[in-house]
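What follows is a group of structures, each given as structure tokens.
Next come two complexes, and both contain subunit A; in the first it sits with subunit B, in the second with subunit C.
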Partner chain A sequence: MRRRELRERVQGLLMVLPPIGVIAVFIGFPLGAAIAYTLGKTGGPNSVVSLIAQRQHVAHHGVTIDAYREMLSNPTVREDLWATVWITLVTLVVVVAASWAIALYLRLSNTWLARAVSSLSVVPLFIPVVIASYSIFVFWGPDGLFRTIAFRIGFHGFPSLGYTLTCVLLGEIWVNIPFGVLMMSSGLNGVPDALIEAGRDSGASMPRVVRSILWPMNVIPTVIVATFTGIYVLGSFTVPYLTGPTQPNMLGPTMSNFFASFNQPQQAEVLAMIVFVLAIGIGAIYVWANVRASKRAGQIS
Partner chain B sequence: MSAVESEGVVLGDLEQAELPVASTRGRGSLVRGVAQRSAGLLFAFCLLLFMVGPLVWLGLRAFSGLWDFPQLLPSDWTLQGWRTVFDDKNLSHSMALSFEFAPIVTVASAAICLPAAYAFSRYRFPGRRVLLISIFATNAFPKIGLYIAMAGVFYSLNLMGTFMGVVIVQLIGTLVFMTWIPTAAFSAIPRSLEEAARDVGAGPLRVFFRVTFPLAAPGILVAMILSFLAAFDEATGTFLVGLPNYVTMPTEMYTLVLNYPEQVGAVFSILLAIPSVVLMTLARKHVMGGRLAEGFQIR
Partner chain C sequence: MKRKLSAMFGIALLAAVAAIAALATGSNAATKHAAKSVTINLYASGDVNVQSLWQDHLIPGFEKKNPGIKVKFIFSEHGQNDTTTLARIGAAVKQRKWPGVDLVDAGIVTTLAIDGLDQPVSKATSPNIKLVPKALLTPVKGKAIPYRGSSVVLAYNTAHVQSPPKTLTGLIQWIRANPGKFTYNSPNTGGSGYSFAETVVDSTLPQDVHNQMIEGYTPQLESNWKQGLDLLHSLNGSVYQGVYPNGNQAVLDLLAKGEIWVAPVWSDQALTALKSGALPKTVKLTQIASPSFTGGAAYLGVPKTARHKAEVYKFVNYVLSPAAQTQIIDVMSGFPALPLKYLPQAIQNQFADVSANTLRRGYSSKMQSDFKAAWQQQVP
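Up next, the complex of A and B:
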């Protein structure tokens, strides 16, 4: 019996090794190397990239934070950072609010209209992000539908949103809505009908039912939508690249510019680290909320 | 706006007429019902415009010849855009390349992850939970930052601009699907079935291929579909690592929208969307089945 247990342990570990290995080698190792590189370590795995790099900050002994200092004091980078932060926050708020509204509508009214609304909201799931970005640019851009209609009814001043941060924002919202709706719907569907009816029978109004029954039971899905939307937007490249302005834009395209166009990989990796730090902040909320929920459910103490 | 509202009123009345209970509730609730209906319709209409509008607006361009600015529809229709796409060597090459990478990545991902998924579901070993969560955590990195960090090291590993480099970058995005979904599929199979097969004398391999695998196959298929799409639609990492040697369909879009007429961009978009639409429709039930939330809960 003990031999079988041991064999199971070894066999299990061996079988999970390949994906873990891939992650360690192609995510863990590059992250470690990138941290070292941004702190001025140009040897080892960074030796080749540092050969072609321009304007490097090299630490001859110890570490240097000059690369961070350079990027954080660069006024255009600061504008990009600011754009990234506000677009992330606004997308997050809009996606959470819209997906709550749509999921709630579907949960409380099971009409054809509610079902139509929920199917409409998952359309982006079927469309690659590149096409989504391009179509949103065309739709809101200079030849877009709203500009055309406005022009035809005599309002010639309707703005073209192509290559603006507003267009980036619209794109990010479009791309992120399905995940929000699916998550919220599956959360709200977990609330038993009996609970809602019991609330209604004891005289609670609909808003009261939402506030006192549905909201507390759907906190975790809400946190999941908020964190993963936030992380996704922080790490997005395609939407801002195809729909946004040259400057200021989100950090995704800026990073790619520093890396490929300006030949400054160290600066690009500094920006990557800044985005990671922002994401860790968001991720911490996710872990905290999960742990709190498990504690309440008595799964861990 | 008024058209939508009046439609709402009509439908609202119909519903009230069909439900005899409603008549006892009085005028107040009738008015409220109509108002709610109209609000719902207005909301649906705005959502339709926001979600589907861009796709239709772009799709029309694939068949349009001349379409001057204040026209609501193209003034003439043509298939010229389609001819351009299929005649252009670059564009058709990138299509072929996409269909080369995605299957290779999917198969590689299955080979790497499926044994792991089986182990996660069937064996008890130290660190099981931590390792499973660490695979999920690859989702929690902002993608562009991750690709930049990877690209920096790829120079030293001689992977920049190589076929292998692109495969690895695309593979990273498939690991979560290929591990988590099959793990759940294996776990859903009752152990008693496997034990019963073993009791009547089947060896472990025979049990796996005759009992376990066929039962887990639908879940594995969904994982393969989602991985194929993740690889097929991956643009950012391929753009950073593959250029200039490997330009797949999605990465081609980055430059195409600037260098070609809009019609060509529209045609290319439709072609690129076909695999997504078809395969996602097949996997739809699983993705929308409500099991999504469970995967994101830390247990």
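Up next, the complex of A and C:
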């Protein structure tokens, strides 16, 4: 019996070893090297990048946090960080609210209009982000549709949203809505009709059904949409690069500037670490929600 | 158990066959390589005009004349792969291995040359390199080969602007007098906006400081940029929507739509756009004076550990031949790298005023990186 148990354990370990190995080599190692580089370690795997880089902070003994200090005390970087945080939060709230609303509409009223709305909301999934960003820029830009119409009917003060953070926000929402709608509607479709009907039969109003039946059973998809949208927006590049202002903009374009244009890869990696930490924060919420749900379901203790 | 064994045997057999087949094709390719043709890998970056120049003109022209040599073209649009290619060449040369690239046409060539990763021109075996003006070799320490030139010029829309500014001071006055009708792309996203920003700052620098910034990397002199950057900052209210678009092309788009009337642009890019109709015919180009916009040569670099160097230099020799130089002028509206006396009479007349070696040079490449960072911090 014990031998068999041991054999099963070893077999299990052997089966997970390849993916763990791939992650360790292709993600773990570069990540470790990048962290070491941001802390001033320029030898070993970082020797080539440090050969070409400018304005590096090198630690001769131990580590140095000068690179972090430089970036966090840089006023333009702080503006960019703030812009990234608020755009992420607003996108997250709008995407969750909108996709809940669309999915709920589809779940509760299965008419052709509901189906049309939900199909339409998935369209952005099939349009490449570069093309979408450029179109959004042109649409809201100086000679865009709304501005032209407003101008024709005599309203000359209509704002041009091209090259503003508002335009970035619109773009991020546009890009992230489809995933939200897909997740939410599959989550809500998983709620059996019998439960809703039972609630209605016992005299519950529609809002009450949503609050007491649909919402508790759709927490995990909501958390998934919120966390994935958050992580996606934090690290986005194309939308802010094409539609955003020169300064402040999101950290994606800023990182690319530091890496390529300013030839300061160490500083770019520090920014990447900051985004990484923010994303870990969001990831922790996701893991916590999953663990909580599993506990409730009695799968783990 | 037996079935399992036979299955494993089958898999092993398949693998062995595959390995032998791979070996066979490998050795086949190698013998063919040695006997028939040599392939050289060319890495180039830039806009589509650079791509078309190599792909449709220079490479076919060369391959036609040299049947034994094939040129494999690797193109990186807007230099997106420049930094990784630079790191790759740096790593390979350091380990004395082949970097996978034999000839480079990109902004990184000057960095390669200054960091000593390129083959010195003195070792080159192409006669035409000796015709290139010596002055063009100084900024790259004699380790890269100039093959064409381009310059930033001032584009203006004659539908709105009859007499364009003639000097930098005049241009700045014009910008202030016509708010919202001028902009330049952010310097970190393209050379035309970069050139405008550097030109404004240069006009406030003492001559010796300016020279040191062109020749080398002297970060302690960067405090001298303050006055010029403040001047640029004071223009924020007068540029189009207070915005500096990303990329050379974005500025050309605004110019084409009539949103702005005056802007710094690359001569070759603007001339190509005028030819194709992407810019309206009312847009004209001119150069300003005291100081003029920067411009310079585009360089070819041969990494120290490149393969088939003899063939690579044969190709370089072709690119520097009068016929190919004429093509560069026709296709790209570029400037020739050879002195005009070696070129046909028609070209000599066309370039009576400007040629690559009289173009005003910009800062050295590391100085440029710092300048872009300083601009981003202090101007917008």
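Definition applied: the second predicted complex is superposed on the first by the 278 of 301 C-alpha atoms of A that agree within 3 Å, B and C clash if a C-alpha of one lies under 4 Å from a C-alpha of the other, contacts with A are read in each partner's own complex, and residues count from 1 in each chain.
We take it that a contact is a pair of C-beta atoms (placed from the backbone, for glycine too) under 8 Å apart; a residue touches a chain by one contact, two chains touch by 3 or more.
On a predicted model such as this, the values are computed, not experimentally measured, just so you know.
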Which term applies to subunit B and subunit C once both are placed on subunit A by superposition, clash or fit? clash
In the overlaid three-chain picture, which partner chain does A:F262 touch, first (subunit B) or second (subunit C), both, or neither? second
Look at A:D143 in the shared chain and tell me whether it touches subunit B only, subunit C only, both, or neither; answer first, second, both or neither. both
Is A:L242 touching anything from subunit B or subunit C once the two structures are fitted on A? First, second, both or neither. both
More residues of subunit A in touch with subunit C or with subunit B? B
Contact-wise, after the overlay, does A:V191 reach subunit B, subunit C, both or neither (first, second, both, neither)? neither
Of the two partner chains, subunit B (first) and subunit C (second), which one does A:V49 touch, if any: first, second, both, or neither? both
What is the contact status of A:L108 with respect to subunit B (first) and subunit C (second): first, second, both, or neither? neither
Touching A:L72, do we find subunit B (first), subunit C (second), both, or neither? neither
Superposition on A: which subunit B stretch among 26-34, 224-232, 242-250 or 278-286 collides with subunit C? 242-250
For subunit A, what residues appear in both contact lists, the one with subunit B and the one with subunit C? 48-49, 52, 142-143, 241-242, 259-260, 265
Please give the residue numbers of subunit C that touch subunit A in the complex, ascending. 82-83, 86-87, 90-91, 94, 111, 115, 186-189, 219, 241, 243-246, 257, 259, 366, 369-370, 372-373, 376-377, 380
Contacts from subunit B onto subunit A in the complex sit at residues 37, 40-41, 43-44, 47-48, 50-55, 57-58, 61, 67, 69-72, 111-113, 115-116, 118-120, 122-128, 131, 134-135, 138-146, 148-157, 168, 171-172, 175, 178-179, 232-233, 235-236, 239-240, 243, 250, 253-254, 257, 262, 265, 269, 272-273, 276-277, 280-281, 287-288, 290-293, 296-299
Report the residues of subunit A in contact with subunit B in the complex, numbered from low to high. 5, 8-13, 15-20, 22-23, 26-27, 29-31, 33-34, 37, 44-49, 52, 102, 105, 109, 111, 113-114, 116-117, 120-132, 134-140, 142-145, 148-149, 151-152, 174, 177, 182-183, 185-187, 189-190, 220-221, 224, 228, 231-232, 234-238, 241-242, 251-252, 255-256, 259-260, 265, 268-269, 271-273, 275-276, 278-279, 283, 286-287, 290-291, 294, 299
Going by the contact rule set out above, which residues of subunit A touch subunit C in the complex? 48-49, 51-52, 54-55, 74-76, 142-143, 160, 162-163, 241-242, 245-247, 253, 257-265
